[in-house]
Structures are given as structure tokens and as C-alpha cells.
Amino acid sequence: MDGIGIQTLDRDALPISPGELVTSLVLFVLLAHAFAVRPGLFVDQLVGGLVYGLILVLVALGLSIILGLLGVVNFAHGAFFMMGAYLTFQVLTVWGLPFWATLFVVPVVVGLVGIVIERGVLQFVYDEDPLIGLLATFGIALMIDEATRAIWGGSPLSVTTPQILDSSIGIGVTTIARMRLFSVLVSVVVIVAVYLLIERTDFGLSVRAGVLDREMAEFVGVNIPLRFVVMFFIGAAIAGLGGVLRGAELGMDLSMGNQFIILAFVVVVVGGVGSLFGSVVSGILIGEATFLTPLVLRTLSETTNVAALNVSGIGGLMPFLVMIVVLLVRPRGLFGQEGFME
Amino acid sequence: MSGDASQTESTQRLRDALADGRLEQWRVPLGLLALVVFLRPVIGHEFLLNYPPFANTILVWMLFAASFNVLLGYTGLLSFGHGMFLGFGAYGAAIGLTRFDLPFTVSAVIGLAVAAVVAYLIGRIIAQRGEIYFAMLTLAFAKAAHFIANQNYGGLTGGSTGIVGVLPSWIETERGVKYVAAGGFQFDWYYLLGAVFVLAALAIWQIARSPFGRSLVAVRENEELARAVGIDDKRYKIWSFTFSGVFAALAGVLYAINNQGSSLSTLTVETSGDIILMTVLGGANYFFGPLAGVFVWLFSEEFLIEFETLVLPLAEYPLVRIELGGLLSYWQFFLGLLFVISVLVAPREGLWGLFRSGIGGLYDRVRGVRE
Amino acid sequence: MSDTATTARSADVVLETEGLTKQFGGLTALEHVDLAVERGELHAIIGPNGAGKTTLFNTITGALDPTAGTVWFDGEDVTEMAQEKRPHRGLARSFQSNQLFADLSVLENVRIVVQTARSGRFGLDLLGNGRAKYRDAAFEYLERVGLDGERTTLAKNLSHGDQRRLGIAISLATDPSVLLLDEPTSGMGPTETQETADMIDELQQDLDLTVLLIEHDMDIVLSMSDRITVLNQGEVLATDSPGAIQENEDVQNAYLGGMREEL
Amino acid sequence: MIAGCSSDSDDSGGQQTTDGDTTDVGTAGSSGPDELHIGVFAPYTGPFAPWGSALTTGSELAKQDLEAEFDVSITLSEYDTETNPSAAQERIQRAVTSDGIDMAHGGISSAVCGSIGSWASDNGVPFITQGASDTLTGESCQPYMFRAYPSNTMMARAVGQPMAEEADSWYLLYTDYVWGQTAQEIIGSVLEENGATVAGTDAVPGPGNQDFTQYINNVENSDADGVAMIIPGLDARAAASQLQNRGLHEELSVMFHQFEDQVMWGLNQEAASMVDLGPTGWINTVEGGEDFKQRVTEQGETDPFSRQYMAYVSTDQAVRAAMRAGSANGEDVRAALEGHEITDSPVNDIVPNSTLKWRACDHQLIQPTHVVQARDESEMTNDPYKQWFEVSKTVAGDQVARSCEETGCSF
Amino acid sequence: MTLLEIDGVEAGYETGQVLFGVDIDVERDEVVSLLGRNGAGKTTTMRAVVGADVPNVRSGSITFDGHDLLATPNYQIPRLGLTIVPEGRRCFEDLTIEENIRLGANHVDDPLPMASVFDQFPELDEMRDRPARNLSGGEKQMLAIARSLVANPQMILLDEPCEGLAPYIVRRIESIIEEISQERNVTVLLVEQNVAVALAVADRHYILDEGRIVEVVSTERLREDETLRQEYLGV
């Protein structure tokens, strides 16, 4: 097993081949064209893609940590995300606590549920085939879905965000809702915090050691089961926080867990299994691809008058197209390492 | 004393025969026949589902699961997009019939051919990818297929409605019971479906037990060693993927008749996910495992839904309505629990494995009593 | 260099490497290894752990691509040949760790390999009972290694020694002309070790094999080998007869020497 | 047991009279079947479950009225279709073969309706659908399938002129499945017929989508003066709340296609007030049927909205057809329904002063189609039931329905 | 005074039993070697002592400094003052030298100062920030020893520290073992195949064969008794 260490670009520099150069140029021209034709919309979609991508990153981070450290393909991770969103409703609307409280209460509760699941089920499947872990966590996801439906009902819900986040900020070509900027801010803070925790603390050092060689880490005195529990808590809590941000902006419904877990797997695979940095890059890449591709195609179609270019609903397919392309060019994802999960 | 020895010897010979597959030669064909013969009476029994045509649906899914298990059980490859091939069969048959007025068999063959070609090509691209990458790539291709069908290019696929009301000219249906009417004969569609199912399942079984299939097992067991002793694992995987796709498409063709058309839901992630879960729940290590998984899943789903759907006539007894309807409307919670428990108890064996060892234990106990 | 090319085609040398180099990242596991194995000999590779013996095997059999250098087999450059093709040319190996088809019976482990050897790298052979085909041939290989009594046991349930024997049976079943054996006696007691050595000897005679052997047990190496190559830190220290190797000063210093001095 | 039954409606006492238009059998209700078993097909789980329970409520009310009027025992069975056409087909198959239902009604999504309708027709079971896709009474029409609600075209044509008056250019957001795709085409052409332009269209994923960010971005950055939300059910609710979050409802005219007030009840009154236009087949502020609305309120889990109306009409019409035909046989019921003009039914009270007729050529129930708009917040009332919207325009059904030739339906 | 006491340990893996009653006593401040052929059970013994997940110890007891090691979770063993340099070194390849050593220090109560360890291994000091994967075999071995030494243990288990190393590095390791034993008063249990190393550094020698201790001998006897070496060690 290789590390979940966050590589920097120079350590794993991407060699640029002529083909890649041409592709980048074409992409750049297409994006520039879209920007020139619809600057305001372009910026709106750029921000939308960023927000969406960062939420994906939040879900994918925990997934990647759990996969890298525990070797478990955790299908229930999407359920943590959904649970975060519904708990936002609970804390905000049912209990009437302020929005800011959700940012702390919800991740902690989701993280605790994560611990219960890790201790109750997952610790028994660590040494099994990944498929077994997938099946067990799928069962857990089903249970969480149904419990959510029993508690909060089947209909989508939404919450009101505090006034201070309601308005928008003008940036010339367009305006950006404060809630979206807040989402970006919180996501970035969390991602940086995870980076610092893993790369700069003794705790992170022991976790990285555990990923590299679990048994040897125990031989030097690292309490690995405790690390597992803590990292599971953190992974679940981050997904829960993603749920808070998503739920606060767009509401919550029962399908969001399954929808996001699949996308999060895509993000992890595109980024390269085992690389947190890869997950961050690929999450943003996929978010932007989802939001910008329809715009690029539409402006292109308007300029060239070829209606067929404007494929309706292509955005939803983009994560998967990106994955196919990336994996065909780089079989282990953008920053994946040899031998991991193969 | 001598009796003891001869008994040991005969037991040993029996074990040899079992291990060499001499007796097994008849176990699977007979088992499949028995399955088809007994399935409908059981499903149709008034204390159980009281719904004989549901046996048709179960057989279609069983064939789908058996085709999937060529990949998962025999080759050790996990596909997240197997519904795609079910869809190729169903859409192929339905499109040929409705859009091009082709005879049903021709349309069906086209569907199978498309599935074969697509499976082969995708297989070539992804066969050597690591486990998780392979699974995710199959998912991506299935997503693309779903997208294309939903776009309804050229009005071929009917978008989200799918293609409905499609039946070959030799099938008649009356209040839910389908008949095959050809050449003056008229008989229940179940018999034709059952025959096709048995033949296809036997073909799958034969592939699995053939020299080709044994090589697949070698690849599953130890890819590195397989390559080192001269097995071209990549080509075996590609062909396994192709066969699996073709049989899934055959299940799709049967689906098209059974469901009178093709629906977009064949191509969804949910369908692909369900077949994985049914297979593993039943036990991917066994030929009958996936079939058992399909049976348990579909039967309990239909059985539990019954409690919900029939609450209205029971309205005089409000308690009954609340308790059963209320609790069982969350039946998937219990399904999830079943997964977790079965994974914790017997991660690789599935329900069929548990069943077998249960039978084996029973047999041993009976014998123990006799001795 | 043209010299080597000629040797490679000469009838005596069946397997030859030329300048074989393998690097893992910054680490050099093999450094310009030249090795010539003559037809019919038992050629042992010795060297301390980490000297690159197993890496050498892996590059010869194609499990690893060499960073540089050439592998000649039977007069043909096989450096680029796909790994799974090589056994069909007669180049087989056993593994150091227990690489078996763990969940299959002992007989089936060997039978699948016989099937592969006789029907090719890929066979779309869909008819007939796979398990029945070549069963007798497989059984013969099991008899050779003394596992005929265990044919219905699952490979994973065999004892350690028996697993090693099964590994040898599997490599024999590929019908090799050159057999690479990676520590066939590791983990065996003295009696078992001797038995295995005798078995290898017998096999070599009966099947007309060329054997390339990695072995730790010096007794075995010295008594069995026709020639010995000593590897150290990825480089060839010497290749010579057992007697000459024992006398070779470089070898003594690097491998045996330290101990001899003390003694 | 039928305590909730009210028998005070003026048209339900006494014997049924002969229907003028039907040429077939059936004069007196007394000669009809003694027992009828009707399947109600709807999502009873998942986000659309409230729709399902509304269908049940409407059907129950019709059952009470019919049992009081005729000497017949009606059994209603619910079948959960989720929003999955395959599941729906499995349910209708089981309903017919195992439970022996005589006829069926319901269906929330067009794909579900098409799937049930097709199966039902192949197997000779009358099915009254409530989906709105034109295809259901167009190229996908089926001999045993009838539609109890105005079609997409009827609603689009009713709202086209008011839309053109409201704003010159419109952006169309439509959910990317059959209902949305066909509605989008019709609305686009109706707008152009009425002199307005289409500033842009976007297919949004769904049903079941909650994130409209990138499409609302498109709307915001277009020159459109209005946005048409061709988005079903709860997706529309999410889209509305996201429009509101952006403040776009103040800048743009907003139209909700096939408007259902129940969707808006899940939001606050402020958000609901964004609705400038919405074509619908029925809303609880349509004049008439006060008694029906009252009973829905008392009995149902939700306040009266279009789905209880649809279920009531469907159940009522299915049973009356069987009574006229004097048989529960599918073929007879179908014949009794085809071309029938509704008279002497409580339905006439719920929709007074209008002609309602099951057109023979495509099985569409020709009925008035309404355009609604939100009341001022101060005028929205919640008592006795939520009345947040009012009818701004009503068009007779035959003015907006496609002509028989246009439909492309042939049996 | 006995620091480590291995008493009647039987252990094995899924595939079969490996140890059939191993008894080893190591006194404080001793250097003891455990010799045997490949597969004799040396590494299994080591793994049983440090509480690795496999093998399963089926019977017997292992006591260190009065603590029952079989009842102690493996990650608590370093806190008791017992560390291991495992077979194959097992440095954390992606981590830097400094991080590797820090890991050794972080999880015990009273570690040595890093500086004092780097003093002993000046070659590592120069490359503090390099990832371990770029080191040579000898350097990795130094790192593995440094990592276990920094924990300031009472006792170190060394599993084949000289495996695959050039002779001059073997000498260096021999001298390191002497240093930590004599200057730092660390008790050492050394597993070796290379008898010469054992002869150079150890006071007493346990000879393991087929899962049993067959001889406990002094250095003199081992040096002189060729039949003994021949029979059990093959040299």
C-alpha cells in the first residue's frame, strides 16, 4: 500500500507531451471563447462549478482517507453526507439553533455515527476482500436511508440560511451569492485543515505511517485501532459538513447520498486512489467540467450555428466522461500510485 | 473391520468422483429443471405470493444474475455497469420490432450482436485495469449508455418512456397471462421462457466447467501465477466479459417479451447495483448462489410489498394497517440489516453457501445418529 | 558484443542474459548481469538476501521488464516477449512465496496448467468437462512430487512443504525445457530438504531439464550444482564450478568469507 | 363504515338516467355488476408519496358516493409504482393476475403511465391515466387508456397568450424526460404563435433533481423577461426556492407548467407569491364543488389539490362506465367510456357549467383548462384549506385540445 | 535478572504450527542470538514476542520486565521498553528519515533526544529530509535501528540486521550493536542466519530447529563445535 500523502506538483511533475499540449490549447481556446461570448454566465458557472466541486471534494476526502487507511470501500459515505444535510434541518428548523451551530454540531454527530459503524461493523471486514466491505457498507447505507425516511419523511426539505448569507456580492460581470462564497471558504478551510493535520502534525505522521505499513507502525507504538476510529470520525464528519453546506444552499432529499457517493468514487478514482491532493484537484476539475461544458458547447453551437453541438443535459454525464478520458490516458488516475488497490 | 475399510474406501471414491465432477455432471442440469418445474407452483401458491406470472420475472433476473456471475464469480471481475447489456438485449429486440419492423428473432440476434461487440470492445480497453478502476469504468460506460438512450436520438429508444407495448407476433397476452401461439399450438409463455432459461443457464454452466471456464477460474484465483504458467489473462478476461454481456443481453431479450418492451430502468446504476447485490447475497462462489440471491431478493420484495398494497381492504382493522404497513414500508432497512449480518457471518459464502453447509451439517448429523 | 550474440545461438547455451539491469526508482537491483546457462546443467544462483536473485528470475521470466539488457532463450531474443508466452516456449519457474490457486484442489492446480501447456495461451474451448481433461497427465506430475495422495485437498490446506512441492509440480506441468526454481527448500527441515533435493535431481534426469536454482542451503548447492553464479548487490561476483567457487577469494570475502575467517 | 359518505349532493339521489351520447349498452345502474375492484396506481413511497395519498383520498370519496348511489361494492387497492415504469408494470401485472382488479387509474410520471397503459391495453384492462404528456393521447395512445386530465397541449395553449402578454421573451427550463421534452416544444411554439420569443431552453436532469444552480445561472444571464418552469412536482419546489434565493422572482415573470399548488405549499407564502402564471386542470379555487373540497379537507392528509380531483373523476367515471355497460368486462367498460359525455355525475358539480367529454378519437377527457396566479400574500388564506392561488383565466377544453387529426393517435 | 522470558511457546499460522515449545531467557544487559536455518521459526518467535497479529500463540507465556506480553496490545509494547528492528527493515518508505525517527520517539514516554541518535548515525543526519525510499540497504538498516533506538528501550530485538549487506556494512552494524549494548546498556536479542555476526557480538546463542530450541551454547562452543553448526545451521 502506498501513502495518502499529499504530493506537491513538483514531486510528481506531470510530463507534458505534444498531445497534451494541443489538448490544453484547444481547451483553453474553447474556454476563452465561452468567456468572451458570455462573461457573466461564465463566471457564474465557474463559481457554481467550484462550489459543487468543493462539496464533491469534501465527500471524496473522507472516502479517500478511509480507503487509503482502512482499505474499505465505504459505500455508506454518501449516507453520512445525506445525514449531514438532514441533521442541518433538525438542528436549524426543529431545534431552532442558529445556523452557525450546525457547522459544529452536525459534523460531530455524523462523526459519532461513523464511529459506531466503524466499531460495530467495519472493524470486522478490514482483512476481507474490498467487495465484502462494499457490500456491508451498502447494507449500512440502505439502513441509514430508510431511517432517514422514517424520521424526516420522503419529501425534500429545505432550511433558511441566516440573513447575512442571503445577499449577493457584485463583481462586475455578475453577482455571487454570499452563501456560495461562504461554502467555498468553509470547504477550503477544511481542506487546508485536513492537509495540515496529515502533513504537519505528529498525529498525521502516525496515520501516514499506518497507511504505509500498518504493522510496523504498531511496532513503533502507534495505536492503530485508535487512529482508525479517529480518521473514520474525521472522514464522516467532513462528509457531514459537506452535507450541511449543500443542504443549507439547496435543501436535502433522500437521493443525495447515493448520487454523491457515486460521484465521490469518480472523484477519488480520477484523482488517483490514495492521493488526497489528487482528490482535491479532480473534485474541482469534475465540478468545473460539469458546469462549464454545457456553456462551452452552447457558445460554440451559437457561434458555429451547429445545433447538434448543444447537447442537452451533457453536464450530468461529464464526471463519467472525464473519468473515461483520464483513466485511458493515465490508468491510475491523475496522481495515483502504482500497485494501490490493483 | 473390513466393512469399515471398504466403507472408507467407497466414501473416498465418492469424494474423488465429486471432486472430479463426475457426479456434478448431472447435478446442475437436474437442479435447473427442478427449479423451472417448481418455481411457478411455489410463487403461485396462495399462502406465498399467489402470483404465478411473477415466476417469469424471476427467471429473467436469474438468467441475468447467472450471466453476471460469469464475470464476478468465475473470473473475479466486478462490473458496476452490467445493466447496460441487459438494456442492449431489451432495446435491440424492441427497436428492431417497432422501429424497423424486423422479425423478433432477427431483432433479438441484432441485440445480442451489439452486446457482444460492445462488450468485446469495452473489454479490450479495460480488462487489464485494477479492480476498482475496472468497476468504475464499467459504471462510466453504463452511464453513457443510459444518457444516449435517454436522449432518444432519432426517436429510437423512446427516451424516459422506453419502448412500450412491444410483443412478437407469436405471443398473445390476456389479462396478464402470456401465450405462445405458433403453428397452431398454444402454450403458456412460461414454458418457452423456462426452456430458454434452462438452455442458456446450461450454456453458462458449460462455459464455466469447460477448459475455457477453468482457465477463468485460474485467473480469478491467482492472476500472477496464471500469467506465469502461460495463461493469457487479458484475453480470457475480455472473452469472459463478452460472454457475460451476451448472456445478459439474452436476459434482456426475454425481458423485452416479459415486460412487453424495454424501459430505461434497465440501464440505470440501480439495476447494475441490484444484480451485484443479489449475486453476492446469494453467494458468488456457487453456480446456484446468484439464482438463490435473485429468488430471495425478489420474493421478499414482492412478499413485503403485498402487506402494504392490501392494507385498504383491511381498513376495518386500523391496527393491522398501521403496524404492518408502517413497519414494512421500511422493508429496505431490514434488507440492509440482512446484508450486514450475512457479511459478518459468512462474507464469501452468501445465503446459498450457508444453505449448503446447513444441509451438509444436517446430513452429517443424520449419519452420526445412524452410526 | 558480437561474441555474445554468437554464444547465444550456440547449442550449449540455452538461456543467456546480457547486461541485464533493473532499477526500482533510485535503487539498482540488478547491475549489468551476464549469465549463461548451458543445456542440461543445474546452475545455482547464490548470494545474500537482497542480492537480486529473485529480481533476476522475475526479469528472465518477464514478470518484470528490465531497465536495460537482453534475455536470450533458445537462441531467440525474448526480452520483449509477453510473460505468458514464455512458458509455452519452455521457460518455467516456481515461486519463492507460495503462489498457488489457493481455493482449488491440488489436482486442479496442476490440471489447469497442463491444459494451458497443451492447448495454448488462449483457448476458446467451450466443450467438454474441463476438470476431466488432462486429469491423468496432471496426476502423473503429482506422483512425481509425491502429492498423489493429496489430490482432492484444497491447495490452501496443504502443509508448507507440500505447498512447495505443489509449486514444483505446477512449474513441471508447463512442460519446460528450462526450469527456474526459487528456493524450493525454504522452510523445510533437513530431511525434507534432502528429499526435495533428491527429487529435483531425479526430475532433471528423467525430464531432461535444465535447472536454474536459487538456494540458500549451501550443502545442497555445493552437492547438486554443475555451476554456481554468485550475486552480490545486484552484480555477478563469479560464475564457476562448486569447487572453484569455494576457493574464490572474492566470493569468500563477500559471502562465505567473513564466516570462514572467524572460524 | 361509510360514515364519511355524504348523500346530500343534488344529483346523486335516485336512479341513474340514460346517457345521451353513449350508443352502447347500459340503461340502469341496477343491472350493473355487484362488485368492482379498482387498482389505484401511484407512488406511495419516496418523495411523491403525498401524491399517492391524495389519489387514495379522491378515490375513497368517489367510492363512498358511488356505493351510496348504486348497489355495488367497490374495492380499492393501492399499488406502489414508485416513479419507476418497470415497477409499475410489475404492479399492474400482479394487480390483474393475482388480485383480479377490473380496472385501474393513476400514474404520476408519464413513463409510469405509458408503461401501465400499454400493459393494460395489451391485456384488456381499462386504465384511466393522470399523466399529462401529449404522447399518452398521441402517438403512444392505447385502446384501453383514457386520460382524465388536460394534456400538455391544452395547458400550453391556455397559457400561451397570457404568457405573451406577460413578457416578450421567455427562458424555458424543462426536465429532461418525455413530459418535459414535449411540453417544452409545445410551449415554445405556442409562445411564438402569440408573438413572444424563446430566449433559451435548458434541459435539467430529473425527475429527482434538487440542484438547479447552473440552469438558473443560464436564466439569469439571458435576456429573458420570464422563465417557464416545466419541472414536475418536488423538483419544481426546489427550483422555485432556488429562484427565490437568487432574487430572480422579482426580476422575472415566472410560469409553472402544469401547476400544482401543493408543490408551493411546501414553501412559504412569500415564495409562493412568485407564481405569475400556471396552467392547470383544477385548483381548489375553481368555482364549484365546495362540498367535495370540504370532504377532502376533512378526510385527506393534504388540502384539496388537483390529484384528489383527478382520482375522484377517474374512479367515478370508471365505475359509472361499468354500470352503464352492465358489466365489469374490460371491453364493455372501454366501449361505455369512449365518446361519453359526463352528465348526472358529482363531477358536474365539481366542474359546473362546462362540457366534459371523453373524446373517442384519442380518449382525452375534454375539460376546461385554467390559468392561475398567486394571490397577494395578504390574501392567501389557510382556512378551511390553503387557498393561495386564484384562477385568472379559464378556457373551454375544446378550444385548446388538439384536433383529432393533430394527435397522431390511432387505435 | 531475567528481562525477557519466553516459556513453552507454541505458535503457528493458518497453514500449520511452527513453534513447538520455545523457551528463551534473556538476562538484562546481555546480547543473545537466536540461530537457525531458514524456516526454523526464528522470525515467528520474534513476531510472537512483539505481539504481531499473526502467528497465533496457542500456549506458553512471554514476559518482559514483569509484564505479560501476550496480554499487552502490540502498540503498547514499545512503552514497556521493548522495540524491534524487523526483518527487511520496514522503513516507512515515503516518509523522510527524520519522520521515521520521530515516529520511533513519539509513542514512548521517555525517548532519547533526536540529536543523540543522529550523533550515533552521522550518515543519516546528513540526509534528514530525504524519503527513506532513496536510501541504500545499509542506510535503511541504520535508519531502522535508529528508529527503534530513539525510543530509549531497555531491549531491542534485531531480526536479521545484516541480511543482504556488504561486508563492511556488516562490520559497522556489529559495532553499532556493541555500542548500544555497552554504552547505552540496551539488552539485545539478535536473530541471525549469519553465524559470523552472532559469534562477533553475542554472549550466548539459542539454536532453533524445527520449532524447538535444541541447544543453548556459549560463543566458544559454537565456534568450536563444527558438527553442531553443520547439523542445525548448515555451515
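Read from first to last, the chains carry the letters A, B, C, D and E; within each, the first residue is number 1.
Convention: a residue touches a chain if its C-beta (ideal position, glycine included) is under 8 Å from a C-beta of that chain, and two chains touch if they have at least 3 such contacts.
Every value quoted in this text rests on a predicted model; they were computed, and no experiment measured them.
Enquirer: Starting at subunit C, what is the smallest number of hops through touching chains needed to reach subunit D?
Expert: Minimal hop count between subunit C and subunit D: 2.
Enquirer: Mind listing the chains that sit against subunit B and also against subunit D?
Expert: In this structure, the chains that contact subunit D and also subunit B are A.
Enquirer: Using C-alpha centroids, which chain lies at the maximum separation from subunit A?
Expert: Measuring from the centre of subunit A, the most distant chain centre belongs to C.
Enquirer: Please identify which chain has its centre, taken as the mean of its CA atoms, farthest from the centre of subunit B.
Expert: Relative to subunit B, the chain whose C-alpha centre sits farthest away is E.
Enquirer: Need the CA-centroid distance for the pair subunit B / subunit C, whole Å please.
Expert: Chain centroid spacing, subunit B to subunit C, equals 44 Å.
Enquirer: Report the inter-centroid distance (CA atoms only) between subunit B and subunit E in whole Å.
Expert: Result: the chain centres lie 54 Å from each other.
Enquirer: From the C-alpha centre of subunit A to that of subunit B, how far is it in Å?
Expert: Once rounded, the distance between the two centres reads 34 Å.
Enquirer: Mind pulling the subunit D residues that touch 2 or more other chains?
Expert: Touching at least two other chains: 45, 176.
Enquirer: Could you check subunit A for residues that touch two or more other chains and list them?
Expert: 149, 312-313, 316
Enquirer: Tell me, which pairs of chains are in touch?
Expert: Contacting pairs: A-B, A-D, A-E, B-C, B-D, C-E.
Enquirer: Touching residues of subunit E toward subunit A in the complex: what are they?
Expert: Per the touch definition, subunit E meets subunit A at residues 50, 52-53, 73-79, 83-84, 86, 90, 92-95, 99, 102-104, 106-108, 147-148, 151.
Enquirer: Please give the residue numbers of subunit E that touch subunit C in the complex, ascending.
Expert: 14-16, 37-39, 133-134, 136-137, 160, 163-167, 170, 193-197, 199-200, 209-210, 223, 231, 234-235
Enquirer: Per the contact definition, I'd like the list of subunit D residues that touch subunit A in the complex.
Expert: Touch residues, subunit D against subunit A: 45-50, 176, 202-205, 208, 210-211, 213-214, 217-218, 220-221, 234, 237-238, 241-242, 245-247, 266.
Enquirer: So in the complex, which bits of subunit C are touching subunit E?
Expert: By the definition above, subunit C touches subunit E via 25-27, 48-51, 156-160, 163, 183, 186-190, 216-219, 232-233, 253-254, 257-259, 261-263.
Enquirer: Where on subunit B is subunit C touching in the complex?
Expert: Within the complex, subunit B touches subunit C at residues 15-16, 19-22, 25, 206-207, 209-215, 217-218, 221-222, 224-233, 235-236, 239.
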